[in-house]
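Each remark here refers to the structure printed beneath this line.
Read from first to last, the chains carry the letters A, B, C and D; within each, the first residue is number 1.
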């Protein structure tokens, strides 16, 4: 059996009937979609369109909860209590689950967005709050986490299925952390370079840091940021590279079956 | 077996950590609570507190979806497509369901709020959109409707369990419709009068219209508006009157079992 | 002196740090910009960026107030009282004025957005509410209106400076009203056709309706919808056509001086 | 001439047509009102009602800008860039200014709300951002600040008129900082105790810290928190105590004339 990996992208991050053409194009290349739930972006209409389009293409879907902060696109840190995080995440998973049920579909994973993801990667209180919300709603939901993070530990503590995530379109520092977006070079824009990095993550379990240092990074899923202008080119390049390799690109439920 | 009726109130309509003292007091008198889902009012925090408090008192809970319009408190008409209504309602039911699952509770009914309720009472397109959302999410959910409305017909068409609702704290016109809020006398403020009207609805299946005319109005549940300043006094008075009668006041799932 | 016309576009209709590249490109072709004020779209950050960019190019700016409805992009009708409209519009004009003052710029016009524009075009109560808000905030502000509408009458009644607007990228019916967006053919997509229609409006004061009938339509300003995918091509084509004609394309304050 | 002090309260912090009875009652006792601007609380309708009521009573008004965070009531820290703070504050001051102009009134001060106030008290980047927004919009606006804070320094650096604020209804630590709300005893509930503390601040320029230590605290304005359940009792008690003393309670513009 061919070794397998998942390819995911964030979606549904527009509002107000905006064009979802980029989302639809991405769905031709990825095998899982994380869908914004109306707090940092998205709305019931867009969520429904993306859920239906994913279902039509056999792409698995998950909730992409973020802080309630449209201006900041969920990328600004907001100080909340762990209980507040838990309620906020449960609300958003539930909301997408409602939309999915309406579309006769099913959500199979959860991936926090933006500042929530970053804060929970480092803060075990936040991480456990998210894991508790997932566990309470449906313990079969797969939790997408940065490898080695507080999120991975929280998920494992509660017995959740875990998918460790790598970002071929983002630079890493020598500690295996993402270089912050504000830093020049943090976001990699060249589809060929991104595809090369994706292959190295998938096949070799490693990443070349910004310094040139090679780091071990075991991942189950590769993320393509859906809000980059060249997101579709990036996804196409990564998928083509994986398809040309020995690796099979599958949905998260298939991968973790 | 004693004849039975349900007593419901709308709740969770504050935001930002505001006091939920009135909600907690109401929960001592009602047997079902319709909880705002974050669109016209409410937020994950308040929703969770009300869900937990209801569960602790054995009060059944339901979703109270409304238009996304905080300034208007969901009482302004917004023109949406039936599909948009369907998505919006599914989102809100799902969101409350997420919060309820986190609190190890279960939602058992759906009652639209404000302008959405009023528009759907008269418009079969809106009514069917709401009924379809309920049916898709969980066909066991009870649909609270005005008796004889497009909502009642839509619910019955899809085979949903129906609870017909009366408003002892609101004036009715001769056609059995609520007198609009803007009209003087539309909202009845006297707890004793409200209790008397509640008893007449429960026991006799009738209501005295603003004109003095007696109308037939078969109801399964009586609503006390939770946002009235004297809501708690009204609920206490109605409950005491029912308790003093032959009628048993029960939760919606018990009533419709 | 060359005859003159104004060319305007709606802008700042993104949120959350989204790309404003299309806005920047449009600013190279138009002479006035109507900027979303945070209710139907936009936020303080985007507003500031667009205000600064317009100032740098000598493009005059105005407030583009809409209903508080991001999901509906301000295109859904919301029933409000005239007083509520007045407060809502004053809030939004003031908000943009605050941003403009921060950028050492000045707003010189007001143009309602979407459903608010359409409702006020036909409803004198809404139209007067908007005109009163403009008049109270700064009676020198220019009011962009559909020719012959309730808005034009309201503005003239209060003595406001008026700029009558035509839409070369939209189809008209035989009564000179816009064909609703839902109708096939309502939005014209061909830049050359749009430029031809713009010239005819500017030079001949007429428009060819969807039926082929020629109608008189005296306009002071031509609008290019900024949210169309080919908005920049449309604006470029219209501007080039005007530049090649005897007409001078100027800002609103210059036109109405 | 009698020595003078200002008494201020935060207002307009409800939404959706909620009762503003507490605001109206507070306006009988205070001499300045800081009005929420729609980000952490409030909406155009409520803002207009409070502005009009303040004007009718000769109470001076100011903007009370906060983070865009209704769930957190603006009390959660949000990490923003100084430029983002500047735009956000300019937007909100402008918005209230728009409402005030509609009501033929004028805003005369600015007081940040909640977490924005607390962060700016300690962070000179935030403090300067707020001061720059005030200065750009109207350099005559009075800036309410905690004595000795980064906000006071920023305001003085830009030449703004400053009103130093004390909180008789809040406990102070030995460094003259407010005891955080989460700590037991942080919020003082006894009107008589609050009045006694207010008098000591006004007349003696000192406060007794939670430890019992007496601290110097020179203030120009005393704040009564408008969202406390007994806010009106507190305001009445403080005002009565001041009226019974040699001190005159005046509006901010009168005080700083």
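Note that a contact is a pair of C-beta atoms (placed from the backbone, for glycine too) under 8 Å apart; a residue touches a chain by one contact, two chains touch by 3 or more.
All of these numbers come straight from a predicted model, not from anything done at the bench.
By count of C-beta pairs in contact, B-D exceeds the other of the chain pairs A-D and B-D. Among the other chains, A has the CA centre that is most remote from the centre of subunit D. Averaging C-alpha coordinates per chain places the centre of subunit B 39 Å away from that of subunit D. One simple way to say how far apart two chains are is to compare their mean CA positions; for subunit A and subunit D this gives 42 Å. Shared contact sites, meaning residues of subunit B that touch two or more other chains, fall at 44-45, 71-72. Taken as a contact graph, with one node per protein chain and an edge wherever two chains touch, the assembly is complete, since every chain touches every other chain. Subunit D meets subunit B in the complex at residues 15-19, 40-41, 43-45, 70-75, 229.
Looking at the complex, you find that subunit A touches subunit B at residues 38, 44-45, 47-48, 84, 86-88, 90-99, 101-102, 104, 132-133, 136-138.
Within the complex formed with subunit C, the subunit B residues making contact are 68-69, 71-72, 76-80, 115.
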